[in-house]
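For reference, chains read A, B, C, D and E in written order, and residue numbers begin at 1 within each chain.
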Amino acid sequence: MRDVLPGLLVALPLMGAALVPLLAALSRRTTRAAALGLHAAILAAALGLFGSAAADGPIRYAVGGWPGPWGIELWFDGLSTLIAVLVAGMACFASFAQTFGADRNGAAPASTPLREGLLRGALLLLVGGLLGIVATRDVFNLFVFLEISSLAAYTLVASGEGRGAVAAFRYLLAGTAAGSLYLFGVGFLYALTGTLNMDDLAARLPSVEADAALTVAVVLIAVGLSIKAALFPLHGWLPDTYVYTPTPAAGFIAAVMAKVSAYALLRLLGEVLAGTTAGAVVLEITLWLGILGVLVGGILAVAQRAVTRMLAWSSISAMGMILIGVGMGSALAITGALFHMAAHALAKGCLFFGAGGIRTSEDGDEPGRWAGLGSRAPWTLAALTVAALSMIGIPPTAGFFSKYYLLSASIEAGGPAGIAAFAAIILSSLLATVYFLRVLEAAWFRTPGDAPDVAGDPASRPPGPVLPRPLAVPVVGLAVLVLLTGIFARPFERHVLPDWESGTARISAPAP
Amino acid sequence: MAEGHLISIGLLAAMVVTAACALAVKDLLTAAALFGAFSFLTATWFALLGAVDVAFTEACVGGALTTILFVSTAFRTGRSFD
Amino acid sequence: MTTYAFAAALFTIGLAGMALLPNLLRKLLAMNVMQVAVIVFFVSLAFKDGATVPILGQGGAPVAAEFMNPLPHTLMLTAIVVSVSTTGLALGLLVRVRSRFETLNERRLLDRLR
Amino acid sequence: MTEIVSLRPLLAVGAGLAVVLPILLSGRRPALREAWTFAAGAVQLGAALSMLPAAFAGAAHTSPALPLLPGMPLQFRADPLGLLFLTLSSILWLATSSYSVGYLRSLGLRHQTGYFAAFAAAVAAAAGVALAANLVTFLICYEVLTLATWPLVVHKRTAGVLGSGRSYLAYTLIAGQLLLGAVVWAGALAPGAQFTPGGFLAGAASDGVLRVLFVLLLIGVGSKAAVFPLHGWLPAAMVAPTPVSALLHAVAVVKAGAFGVLRLTGWVFGPDLMHDLGLSLPLAVLAAGTILMASLRALGEDHFKRRLAYSTVSQLSYIVLGGAIGTPLALAGAAFHIAAHGFLKITLFFCAGSVYAATGREHISQLSGLARAMPFTFAAFAVGALGMAGMPLLPGFISKWNLALGALDDHQLWVVALLVVSGLLNLAYYLPILRIAVFEPGDDRRVREPSAWLVAPPVFAALAAIVLGVAPDAGARFWFLAESAARSVAAHAPQFLTGGLP
Amino acid sequence: MGASPPPRHEASRVRRLLGAAAFPALFTGLVLGMAELPEFGDPASPASTHVSPRFIEDAAAETGAANMVTAVLADYRGYDTLGETAVIFAAGLGCLVILAAAGGRPNLPAAGMSHPFGSVILDAATRILVPVVLLFAVYVLIHGHISPGGGFQGGVLFGSGLIMMRLVWGPAHEGGAHHPDVPVFGPSLRSSLMLACAGILGYAGIGLAAMAFGGEFLNYGTLPLGSDPAHVRELATLGIEAAVFLTVAGTVGVLFDTISIGMRENGVPIGSGRGPRE
């Protein structure tokens, strides 16, 4: 198991991406079955690695048989396998949702089998890229997989109609700038240490005496990854991207894309570069920017009049929250950040699948379009309600627990930053209350006629279900997971944290 | 070859100048051509530093492929930067 | 150092161009310049005084000091590929943007998106 | 106190939750749907009663701790105070359920399935609030309570009602978030944050921090208890159907808030610490202000239910007042007032609802002569009104009497004066209702008592109130529970062992 | 949709001002950091002494490649190269999704470079040049072991040869009604895609085959191709270079075809400036 799964985890999605478009020549059904099967297999591999890392300790895997620092190593501890499971699991839902018009917001399936195959291929590539980032122990390899995931994401963003291409282009500019900044920073690190392997870097960095150069390296890397993680004020690409991406891809991208970058930030700043003074300063700045991001994201979410755009701004707020945890760096804070990654990914994926589908079926994106949906589709709406409550942080959903951890960490941290983080998190919950209840109230307690922000005759809406089955199943499934994650939070914490702590302890100890 | 080697410095300076010009000119085809020149200068500099593989690739890609793609896009979208 | 500074200059020009130029195609050119700057930086890291091309000749056992560092070269081959791939995809996007909105000027595009 | 690890507390909390889904699924068959409700009510009451003997013997049923957050498990514990609240809410839930059946049917209201489901969830959450063994469990149940009552408040779904619902949620959810922050903080200061008689925060942090924490916690629980100036939502929430108002006031929301204040003063901070921090007097003054202000507002209010709502604001502040004073007798009086006010107020609301169901009238000035047409209803109303004012042999008297004695223990003479004044004010706003209904000539001779579903519950509640007033220690022994709760706090508050308790 | 946008021009003016200050700062910061890096050309720098010596001194013995760059690229860091291949495949796939695969047909009589140039001299020159270019591409691929070159460069050259044909003779297109004036030559869009897919599958397949024989992913040494590990690795390296070649050549074809030719969707050319309005 331990010597096969790592290779499969990274190889399967890339192979699948090439295989599925070829299968598209056969039939739609084959394509779908193959894609779903591949995603399930990837999830199984990720789960296997998670279990194995939890039971027998972290796994180090030398690709090509070349050990680090000469070859590229993969590293599976509780932290990386947790994120891998999250990515692979969300991908299963997204792949299921792709049966629903993978390339459009409309309710029709993709226009041709080939196109469906290509879009499924793009999703597999995206998954492969993200899993590569999660798994790798090599800073340059991280760049390569960052670019795979980015290119696949641009494709999916632009695969819709019209404005998606503009959004994708802006995302591409931001993403490429981010990648280049990161790579420049890696260049500095390489010049100073001569290595690209994370363990080797962490061991050699303490003996490097060039403080200014090291600072430049850390700043470049942090800025690059922060752009991808949509840390305020580098979040400009995010709202349009999330809004104009076709629904099945939006659910996936909004759920995990930025989080994997936040994970990389945590890995590099919190572990590899933790021993450097610049790393500590940059983490402190990250914390403060996270606080600002939480507030700005929340306030702008309240200001939005379209549901998906509101969700996008709420994502910026959530990324701020995660980066608060990353910035604090204590065990509690990291737990909170990880937990919030999981909680937010599940809930936001659910909401984007749902809101995107409703945008299509109700022919509009204002909260008023949701009027009366509670009685038309009670189960779907109940699921979306659970997700929304998790975003607000109402017990017993997962969002409550992640906020609890982050709040505890802020108290523990103390000082101005701790107090500010504490206040910001509470305030963001209040803002989330405001913007989510607007939607929920419309959905459950308004009738289609009396919604103030929707003009026109409600009878003119297209007939058909509120959410087609390919979207309804992920929505309900994710809502159930939101509840379960909250309730079974403690085991995760027990598996993930010790690895992280021993990892950082090992790293920050000077090399023999 | 030492740091201050004249050919190296000259090439680097020429790279900066062509890059700036490529970003500044009005006509898209001219810009693409200048970018091609920039890529070839870069490739030459790489070769000078002994990075023959990189030089070869940069010439293939930057000098040829990227420029061709830019030019063909120019035909599709109109020549002038509006 | 001088060489590094040229890489920094190219990088700055490229990034500034991406941020400030109004035309999307030009932004793309600037992006390419920025990527080349990183490549220049890495390749200059690989250089060793008195060393030669990293291809083994007929001689005996190779000595590290005699050959350029091949690792940054390898990395930059990958970086070049990434750069051209991004450019290709971006051009595809621009063709589509242009056909839909009939302009590649950022300001006009934003006006039309309103 | 002996701990008995058992699943009964979980059963009491889970009964209501477990039937939410069955109720939703049996929407097409009203009889089955209501049977679920009654079954859950019976189970909850049974569980509560089964835990009473242990409480009488000085033991407490405690559920196993379910790991939830580091050092903060999900745990329920049936201590005397919690058991008092739980027993009260189970009894009143059954009464309200049967009343709801009649009310909804006679008015033909829509969305009945969602109504009963939300009702069950709300009562389960209230039971959770009652039995919560630590702050986190309390918080979780508190938030669930908020959300479960929202659909009940906005049951009519008109724009105005939705607006009221929004202000209800604005108050309670914002307070909930502040409570979350405060709970996290308290958990960081005192690991576990387990409710302990006499408080657990003494010495955990500097005085300033503790004061800030107290204010946060007080806002958190006080907004549900409608303590001035956080009472704005309560009259607005009168847009809800009458059984909902009855539930909100007598059992669930407002009462849970008052219960929370009591937990806060007696079990989180403790009377000693409150005095040391100088928090007792301000809180008492706040409560006194709320009592007077709400009574005056009630005087000027013509809308029947809204007058009752202001009365609730005023009455529940007695509980806050008792918690603030903190002497054993005051605490016992406050705890007993939870039960006393529960029976009395639910009687009053049932009567108001019956009047509305029979005549469609909502204003006091329209009640002329109705007492003759609806004798049972108004007899029950008279019991409720007089009990509220503190007439001897009715339960309100017992709580107020002990409050007064407790205040005297602490040498707070003004509290006695306040109690007298507010009793007079009570009479001043309740008696006119009776006067109009009994002595003014009626204008409609066709009015009759509504169906038995609507008559039996208020009569039952009134009779129960009389029993409670005459023999406060009979049956479920509410007085004993209140007293032993107060005694447990006092045992840890040596400053206040000034006697008074037998 | 969305909030009322802020005044864009104001925003961009602010951004310009910020930019005017930020970019000199960026340059200064970079240069300050660079001042502390090891001197340019220093043979004792960490980069020259830490990891790379193994690649110089042992590569030939361990991997059988005289070109150290190829050794690192295809073997020591073969996983990077798989990623690189996936990147370029992603670009091709992306352009297909964005521009071509909307179920349309090739937009043959479109404007621009898709017109054959149609000059006799060009035609003759191309006839001679193209085979030479294609041959040279294959040479570059195979000779990558001992001289500059390899799968990627070869693939680009091969693709360039195809582009040359396209430029002069016009595009190929999928089955159905051929344009009467346009000769069909070179791979169609669909077969270009298949080439690209085949490359990825081949590369990852070799990696998985190594796993099947008990090694790590991409550990070619375990493949049963001979007794000398270096030789085995050399052969496998050739295999993956060929896979890269396929993907690159296919993708270059896809990129050029989609960007320069475009497709018709519902009878209207995509990307011709006359696209369907939404």
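As a working rule, contacts are C-beta pairs under 8 Å (C-beta built on N, C-alpha and C of every residue); 3 or more make two chains touch, one makes a residue touch a chain.
As the structure is a computational prediction, the values presented were derived from the model and not from experiment.
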If each step moves to a chain the current one touches, what is the fewest number of steps from chain A to chain C?
1
If you tally the C-beta contacts, which comes out ahead, A-D or B-E?
A-D
Select the chain at the greatest separation from chain D, using centres from the mean of Cα atoms.
B
Please list the single chain whose C-alpha centre lies closest to the global protein C-alpha centre.
A
Distance in whole angstrom between the CA centres of chain C and chain D is 70
Between chain B and chain E, what's the gap in Å when you average each chain's C-alpha atoms?
18
Chain centres from averaged Cα atoms put chain C and chain E apart, in whole Å, by 14
For chain A and chain E, let me know how many angstrom lie between their CA-based centres, rounded off.
28
Chain D residues touching 2+ other chains are none
Among chain E residues, those touching two or more other chains are 30, 34-35, 37, 39-41, 45, 47-49, 51-52, 55, 67, 69, 77, 80, 83-84, 87, 90-91, 94, 98, 148, 152, 255, 259, 262, 271-273, 278
What parts of chain A, by residue number, touch at least two of the other chains?
140, 144, 147, 151, 154-155, 158, 162, 165, 184, 190-191
Full enumeration of touching chain pairs:
A-C, A-D, A-E, B-C, B-E, C-E
Chain B-touching residues of chain C, taken from the complex the two chains share:
1-3, 6, 9-10, 13-14, 17, 21, 23, 25-26, 29-30, 32-33, 36, 39-40, 43-44, 46-47, 49, 51-55, 68, 72-74, 76-77, 80-81, 83-84, 87-88, 91, 94-95, 98, 103-105, 108
Which of the residues in chain B come into contact with chain E in the complex?
1-3, 52-53, 55-57, 60-61, 64-65, 68-69, 71-73, 75-78
Touching residues on chain A, where the partner in the complex is chain C
140, 143-144, 147, 150-151, 154-155, 158, 162-163, 165-166, 168-169, 172-173, 176-177, 179-180, 183-184, 187, 190-191
Within the complex, which stretch of chain D touches chain A?
67-70, 136, 139-140, 143-144, 147, 151, 154, 157, 159, 162, 165-166, 169-170, 173-174, 176-178, 180-181, 184-185, 187-188
Along chain E, where are the residues that touch chain C in the complex?
5, 8-9, 12, 15-16, 19, 23-24, 26-27, 30-31, 34-35, 37, 39-43, 45, 47-49, 51-53, 55-57, 59-60, 66-69, 71-73, 77, 80-81, 83-84, 87-88, 90-92, 94-95, 98-99, 146-148, 152, 251, 255, 258-259, 262, 269-275, 278
